[in-house]
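You will see two complexes here that share chain A, one where it goes with chain B and one where it goes with chain C.
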Partner chain A sequence: MAYIPSMDLVPGVLKGDTRAVARLLSRAENGNEEGRPALEEIFKRAGRAHVVGITGVPGSGKSTLVAKLTAAIRASGRKVAIIAVDPSSPYSGGSILGDRIRMGELVGDKGVYVRSMATRGALGGLARGTLEAVDIVDAAGYDMVLIETVGVGQDEVDVARASHTTVVVSAPGLGDDIQAIKAGVLEIADIHVVSKCDKPDADRTISDLKNMLVLSLGLQPHVPAPLDVGARKAARWQVPVVPTSSVNDKGIEELLKEIDRHGRSLKESGEIVERQAAIAERRLVKASEEMLRDKLEERRGELSVLLKELAARRVSPHYAARKLLTESGFGGDK
Partner chain B sequence: MSVAQTKADRIRVIVAKVGLDGHDRGVKIVARTLRDAGMDVIYTGLHRTPEEVVEAAVQEDADVIGISILSGAHMTVFPKLLKLLKARGADDIKVMGGGVIPDEDVVKLKKMGVAEILLQDTPPAAIVDSVRRIVAERGAR
Partner chain C sequence: MAYIPSMDLVPGVLKGDTRAVARLLSRAENGNEEGRPALEEIFKRAGRAHVVGITGVPGSGKSTLVAKLTAAIRASGRKVAIIAVDPSSPYSGGSILGDRIRMGELVGDKGVYVRSMATRGALGGLARGTLEAVDIVDAAGYDMVLIETVGVGQDEVDVARASHTTVVVSAPGLGDDIQAIKAGVLEIADIHVVSKCDKPDADRTISDLKNMLVLSLGLQPHVPAPLDVGARKAARWQVPVVPTSSVNDKGIEELLKEIDRHGRSLKESGEIVERQAAIAERRLVKASEEMLRDKLEERRGELSVLLKELAARRVSPHYAARKLLTESGFGGDK
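On to the complex of A and B.
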């Protein structure tokens, strides 16, 4: 089988052909220059799907929830694409992508596309190429795109700037861990899910979250929100807490209802425009970062002298960075 | 900058257990070995059907499907996989196998089109080499 130019994959993608979608997605993931024009074409055709980010700590039940939620969305007649992100090894660059383990029963359904992606050094909970991947499945005609982030800690909030609706999953029994993550990830939720609510301490987690939401409503006007969409969102949208249990499929329908309600609320309030703008801004910054990182990688060989100077503290990191940027043609003055 | 940040067409391998075969220690070690060789390894979990594995491999744009099989059903599973891949127009996805498979069957399976069978005494480095060789022989796609 010969190499198919990326541009030739575009018609297949737009028709929803799985092979074409999968191939172009790899090109996006690998960041090949050859794929850029095709991805630009796709970008212009995308923008129809409801993009839902699902995030939470490792083991909180994201994959299981995504599988159950997908079944519910399918039952409503919509097509679903899942982009599931797992971490790359910082040493070998390899990865083990295990999100499919929970999604076995979805595979036979032609209305579901599942793709695993490795972070490949990207921080923030998403992978390099995740946003392009969303464009591709969007253009391919999937009505809803679920982005499942890596298991997050406290500060991986990129998903909120990649999705229309952000769902944060918490599991009961993590006790103080719940408290610990309150400052970061919990703040980005449009919808909270408490998974595994068949477990005894679920009620405590639910009330912890509800208390936090009440508090943050009161505090919001005084706090410059790190994600400016967050502050305005709170004024219009009351963040619900949905208890779910995958053991007996409890709460899944309710969750889908809330996601749809949030999607409608974005449109009705006009906030969708702000969200799209926030996503666009984020993408511009991300794309610039990636280009810069690639440029640095290209020039790696030439850096040894500069690195030596830096390690010996003869120059400052700031000075070195400016020198590097200038020499790479990125300016760097000021 | 870590290796993970370099641009490269990373090899994607899907490893799967098919049918009633719960022995997954081997497949996990293989997955780990390939990960440490810098590949993206997608693990599907236990008890998959050949249909599920083929569809997953297409969706994931895998270069290679690695089937671990210790149940004795290899002469049923591999022909089925090859047939399904062909029917899907996806026979650029190469099939490899590992596990407990008699020598005479190894010959037959390779003749059928299984790219490689690695038996239980294969050293990890040889598994990595085989995957790389098979993907290199297939070429860019």
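On to the complex of A and C.
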């Protein structure tokens, strides 16, 4: 199969051709230079989809929920793309198999597109290419993009930063550690889901979560700060807690209603502008960091003396960083 | 209480004065400019401690294990510092209370120092100041530093990158999602622990893990790559699986033995040099990224037009990043 230049894939992507989409997605994931002009073009053509981040600790039943939610979105007549950020090894291949099994009933539906992005470890937070992947499916005409991540750390904060609406999934009976984590994610959730509500201790989880929300609203007066996810939250938006049960297909419609309501609320309150500004800033930081790392890779030879000095603790990281940044010459036409 | 300039805290830190340590830790966490020369000095004086990263999914019993391991290290006559990276909200305060309860029996022991670092969300991966915190307790004379993190994503990769030895804790009965994650962490573990081995299904977890290790060694011939955590792994080091039970105090001594054995193996194989080089490189990347974000903060006013263009998708993130990097002028005497 001949290699198609990335730029030549753009018209196909814009027409929603899934083969063109798949190819450009791979190039975004690989991060090779050749794909960049195409991804820049796609970036400019995207911006229409409602981007929904769905995050939750392992065992929360998030993946099944995403499959059910996808079916509900389809039933409402909209096209949906799922970008699954998966911390599994890129070698294991397990994630992709998992997707196929989970999304089984949706296979063959042209209104659904699923893509797993393996986290690589080498880059911060989200897998390289995740934000570009959202652009691609957005530009390809999917009305809703679900970014799914397993995370209790930086990944989920990054998902929240890249999304218009952030859904955090909890489940009953996951123990005290999980409870502790909830405190951290309260701030990023636009919507809370308590999944597996067929379980007997679900009511307690729901009331615990509601209490935590009340407590947190009481104890943490909202102080907007730059670069802070919290600052993006609509002052008027009351974070709902939606109980669901994938076994009984309960709560899925309600969840979609809340997601749509949040999307409308962003537009009506004008907060969408702030949120897009925050996403833009995040994109700028991400792109700068990637550029920096590429530069480090590129100059590895020249930098070896500096790195040795640093490893021997004769110079400080700050000194070395300034040297890297000043001497890297980010100018030029590259 | 008068403000003590950070530089004046350095002699106290080097003598192991815990009040000086606590104050400088706070300044590292806050990231204010005034503390930087002191942290640079401390960086140059550190490098003696054995840094052990301990990571595991929520519910793995990692925190209890850390408390037990701490007692074992103390019994071997060494001083130990614990840096707990906690994804809880900085507002909740829960983590610190949690530490106090867990570490209860060790309170009053001057050979143990515990510090929680709240992740802030605003920065990638580890909480700001975590690496500097390791320097501080290292320079203060603690023989072993345990970096404890809850994470299934970037955080734990970052911990692995900052450590000489990485311990990954699993537990029986945490479900399929957890199993999927293990594939991702196989690569970063120098030592695997299966905790809660008093539970009936522990044997299966241990054998699953061992099978995965064999499988992964079989299917993934080791290809060293730059910037890759995997590349740091000693070719000769066979990753052990240590069963523990905090309830019965079982396996803790064995775990400490394996940690010490790994430390010796790094030195004897000469791999410690590579690992220190990888840590140095990571420090350089981190410091550069922080500098970049500070610059973005500083130039927020000037950048507002660019950010608006980006939010409106009239320019690409790559274009904006190049503009930020080229025009920021990282030179000068700052």
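Please note the rule applied: the second predicted complex is superposed on the first by the 290 of 334 C-alpha atoms of A that agree within 3 Å, B and C clash if a C-alpha of one lies under 4 Å from a C-alpha of the other, contacts with A are read in each partner's own complex, and residues count from 1 in each chain.
We take it that contacts are C-beta pairs under 8 Å (C-beta built on N, C-alpha and C of every residue); 3 or more make two chains touch, one makes a residue touch a chain.
Worth saying up front: this structure is predicted, and the values here are computed from it rather than measured.
Looking at the overlay, does A:35 come into contact with chain B only (first), chain C only (second), both, or neither?
Neither partner.
Which partner does A:25 contact after superposing on A: first (chain B), second (chain C), both, neither?
The first partner, chain B, only.
For A:2 in the superposed arrangement: first (chain B), second (chain C), both or neither?
After superposing on A, A:2 lies in contact with chain B but is clear of chain C.
So, does A:263 touch the first partner chain B, the second partner chain C, both, or neither?
Touch partners of A:263: none, neither chain B nor chain C.
Look at A:311 in the shared chain and tell me whether it touches chain B only, chain C only, both, or neither; answer first, second, both or neither.
Once the two structures are laid over each other on A, A:311 reaches chain C alone.
Mind working out whether A:53 is in touch with chain B, chain C, both or neither, as first, second, both or neither?
Touch status of A:53: no partner.
After superposition on the shared chain, which partner residues are touched by A:300: those of chain B (first), chain C (second), both, or neither?
A:300: touches chain B and chain C.
Just chain B (first), just chain C (second), both, or neither: which does A:114 touch?
It touches chain B, and chain C stays clear.
According to the contact criterion defined above, which of chain B and chain C contacts more residues of chain A?
So, of the two partners, C touches more residues of chain A.
Quick check on my understanding: which residues of chain A belong to both its chain B contact set and its chain C contact set?
88-89, 91-92, 94-95, 98, 119, 121, 293, 296-297, 300
Going by the contact rule set out above, which residues of chain C touch chain A in the complex?
36, 39-40, 43-47, 57-60, 63, 86-89, 91-92, 94-95, 98, 119, 121-122, 124-125, 131, 149-157, 174-175, 177-178, 180-181, 183-184, 186-188, 216, 219-220, 226-230, 273, 276-277, 279-281, 283-293, 296-297, 300, 306-308, 310-311, 313-314, 316-322, 324-326, 328, 330-331, 334
What residues of chain A sit close enough to touch chain B in their complex?
1-4, 18-19, 22-23, 25-26, 30-32, 88-98, 100-102, 104, 107-108, 113-116, 118-121, 293-294, 296-297, 300
Using the touch definition from the top, list the residues of chain B that touch chain A in their complex.
Answer in residue numbers: 1-10, 12, 31-32, 34-45, 47-48, 51-52, 55-56, 58-61, 88-90, 92, 138-141.
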